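Handing you this structure, nothing more for now.
Order as written gives the chain letters A, B, C and D; numbering starts at 1 within each chain.
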């Protein structure tokens, strides 16, 4: 750290204190814990600015915010895991005494003995710390890999394969209520509404051909040449339109996030707008 | 026709109406003979002068075992009361009563008008039950006949999922078939996947530049199959890194992934004959918090300036934050995820992107081992199945809709049954 | 032995869970194994948390670069852990939720984790801009399609989209940019998403099989270990 | 003074963009930090000094507007608030604009909610929009608030045939039978229009399936942007118009202010929130154009070297 860094840090600390005092004064009318709340709002604001400063480049303020974030949030999730899984799910099944201590309802059942298995496997996992018995930690990992593979096999087969295949059955020549109303009406109703015959048909054709060629693109065991290569080419085009469209569609949501943070700074902290 | 699963919806509106129903129920239970006098002062709504109207009870009430369960549900079906109409209906709903063995009737659910079935999931195997359903008006109940007694049965095999089983068997069979074919030594062709071809170069680049390789396995835990895919790729990548004597750094968002990641890298270093070069510091747990993890990884990227960044696994909103920061430090980035919503961002900001299925195929492809390549060929059989089914489905639906051809409609119906999920 | 036991465990558990889908009495296994997973994951917290402490204490002890910031991490970690485990400042007794409003745990979460998290999240607004500047260039046919689709959708979300195409008669309203944007989302976008998902479904099935059958064992150190 | 506050950043943004464009024509790339500054200014300026862009109503919004505009005065409209505080920033502006429009056309409104959380948001609209804007209107005569009833789709199933069965009184405990509006309203079928504002379940889709279709009542919907695409297939037969996301709200507010000059100065949160969005979108699109120009100029430069 050189001298200018010290000066910058000093100025920021002074600004922080100033903001705290001003905020507390401004809150003192309506809030009896104005000193604490003034501090909390000032801190939230400075942490927000610290993160934004990363856009310029890495700096001590960002490092501070980052390190604080990591420490606090790691403890946050560990505590949540302790209260919800250990106290909420494990203890009621294994121990009446502890259940009473933590004031959770005990759930006796002859099958509860099975819940010692994850406990034992959990302890085996901790064997990782031992040089000699470290290999034992592979057993719980093997159980987890088996669980994930087994559960996802059917889950994805259903939701990503069967459902998507069957929802691609589309009529290519129209259906009720898109009855044939003559050539003029067919061409001129090019709109989004359900009456737009040509648009509806176009949609169905694109869904059918797009899915078909998209699948062709993913083929591994066939060289993408000839007709097959052309279909795969169309598949890539469809994927590219998909990616471009989804990207563009997301922008609005992302801007809203920034609007939210800037509004916090201008309204809750600086009180520039109401 | 709505189907309700054990959910009680409050139908009686306001306290007074509810009170009336309670009184009516008591009156009904106590003395059925009181019916004719049921419009006595006790149960007439203040300010209302209409007399009690009689409503038809539900008919054809049948209780049956819910099929293909562990014997813990019974299914009731009935024909709604003939007074249950869309407009000007006097019916405010139906109430289901259950009698366990020879016990007292117990109200177990209130259903809205128009209901014609109910699934009771609060029964025990080997107990006997009977039911009746009351038609509710504002002020009275009109019970149906009781069902015959029934007890829930346990089934050992879910025949409803027969087609699911067949589809699973077809695809799994194809995979296993090609695995064995490949094992016997038949050469199988697999096309080039650009992102994977680039891995060796990317790792080599890191070695030349003397900078580390950063491996991000997504932010989900080991219960996400994408994380497993990332770890299998890590197995191949870290082997290359060990051979090239590059450095790898892997910050993770889950403790379990840290443990597994260390196991993978350690084994790869052992396999490469350099067990002493491995250190636990290669893999570090940061925090479970999505954006806390992102903040830390962004910091690592700008401070360590990795030459190569792998972003493989389950990614959410952070995909673009990580990829843009990685890009700003000039790293070669190879990304892959099976989350369609995040693929656009990887496509935009990374040098190579493994799209969906390619992520799962990557490890097999990299191994170059015949059995693994065989499984990729098996997957393609699944694709052929999908294409053929889509083709038949589209053609039959098109013909059935456009020219009302019965035979095509039959094909479509059959196909829809096979490709339905339950 | 060191590979055989884990491979056997994976095989048995994986097969059992696939079969349980078709056998109603085993229907509860999914929930049980998910819970087992959660419990093992909590044990892993000891390793993760221990590692976090080790790394930062080490950094502090050896006075490595940026060691000062490790104090911040350690202090934040210790404070939050104490606040959560002892439910400091929680209203009511031990049975109240750990994140009940008014508790120290909740206050820290609300004024540290929430603003930091949402600001980190909001950086995306900047990164979508820099990524679109760099990536949406008409380098070849594929990139041009990517660019066009994104541009039409972006234009459709501003008033200028309609302004530019208001002259299009209503019977061809699909060609007005806001409607065209919706149509792209509903048609080609849907087709692409579906093709990707069908591929993913097959990829997961095949990879699960490779793991269960022990063909894929690179996560155990490859085939030569 | 806000005019200067608006002008300076706007001139800075567009001047800067033109300068970057000129640089791009010479084949120079833009540094990413410059892009970041543009985005920040484009988002922050309209928050500090509200900038609104004239929105033109797309047909799907215009249809709903015209329906409310053209109903004979005194028509009865049912309006349901089916959302929670998280969704409110996006959909409450629509609810406010629709309520204002209906009341200024002298329609009678019956307010209700299918979400428990909708009740307090409904009160916000009554308290901060209707009371100040329409001080002469009387609760119970010109509009009625019947509040929330539990039961989700079950509620819809009942009110489609008998409204008073589900809602015997309004929130103040006044029996609906004694309220004039309900003299001619027995079921949902008797409303001239149903407006549903929401985005979750139950929401617009359930209104269409459980009420609009069986009772054949026209339905207009205001929905969060993420669910809007799912509603389009119902338009225009089952749903006569859709306001999708903040943009839909902004278009409606714009249309309302144009047709009814008394609303020119009203709060227009939809239009105001579109300010940062529009500017940011324009900036991003400008950078895409600049990027392409720089790319082609740069490539040509390399070729000639």
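The rule is short, and it goes like this: a contact is a pair of C-beta atoms (placed from the backbone, for glycine too) under 8 Å apart; a residue touches a chain by one contact, two chains touch by 3 or more.
Only a predicted model underlies this, so the values are computations on that prediction, with no experimental measurement involved.
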Contacts common to subunit A and subunit D (chain labels): B, C
If you take the mean of the Cα atoms for each chain, which one ends up farthest from subunit C? D
Taking the mean of the C-alpha atoms as each chain's centre, how many Å separate subunit B from subunit C? 16
Counting in whole Å, what is the centre-to-centre distance of subunit B and subunit D, each centre being its mean C-alpha position? 32
Provide the list of subunit C residues touching at least two other chains, using ranges where the numbers run on. 18, 21, 34, 37, 40-41, 44-49, 52, 113, 116-118, 120-121, 123-126, 128, 130, 132, 134, 136, 146-147, 150-151, 154, 157, 170, 173, 179, 182, 185-186, 193, 196-200, 202, 204-205, 207-209, 211, 219-220
Interface hub residues of subunit D, defined as touching at least two other chains: 32, 36, 39-40, 43, 59, 232, 277, 280-281, 284
Multi-partner residues in subunit A (2 or more other chains touched) are 51, 54-55, 63, 65-66, 69-70, 72-74, 76, 78, 125, 128, 138, 141, 144-145, 147, 149, 151-154, 156-157, 159, 161-162, 165, 168, 191-192, 208, 211, 215, 218, 239, 242-244, 246-247, 250-252, 255, 258
Based on which chains touch which, is the overall arrangement a line, ring, star, complete graph, or other? complete
State the interface residues of subunit C toward subunit B in the complex, per the touch definition above. 18, 21-25, 27-28, 34, 37, 40-41, 44-49, 51-52, 55, 113, 116-118, 120-121, 123-124, 127-128, 130-132, 134-136, 146, 193, 196-200, 202-211, 213, 215-216, 218-225
Subunit A residues touching subunit C - in the complex, by the definition given at the top: 40-41, 43-45, 47-48, 51-52, 54-55, 63-76, 78-83, 85-86, 89-90, 101-104, 114-115, 117-119, 121-123, 125-126, 128-129, 135, 138-147, 149-154, 156-157, 159-162, 164-165, 167-168, 188-192, 196, 199, 202-203, 206-211, 213-215, 217-218, 235-252, 254-255, 257-258, 260-261, 264
Residues of subunit B touching subunit D in the complex: 2, 9-11, 13-14, 17, 47, 85-89, 92-93, 111-114, 138, 328
Can you name the residues of subunit D that touch subunit B in the complex? 32, 149-154, 157-158, 160-162, 165-169, 175, 177, 186-187, 189, 214-215
In the complex with subunit C, residue positions of subunit B that touch it: 68-70, 154-158, 161, 164-165, 168, 171-172, 175-176, 179, 221-223, 225, 228-229, 231-232, 234-236, 239, 254-256, 258-260, 263-264, 266-268, 270-271, 280-281, 284-287, 289-292, 294-295, 317, 320-321, 323-324, 327, 338, 340, 343, 345, 347-349, 355-361, 363-364, 367, 369, 371-372, 375-376, 378-379, 382-383, 386
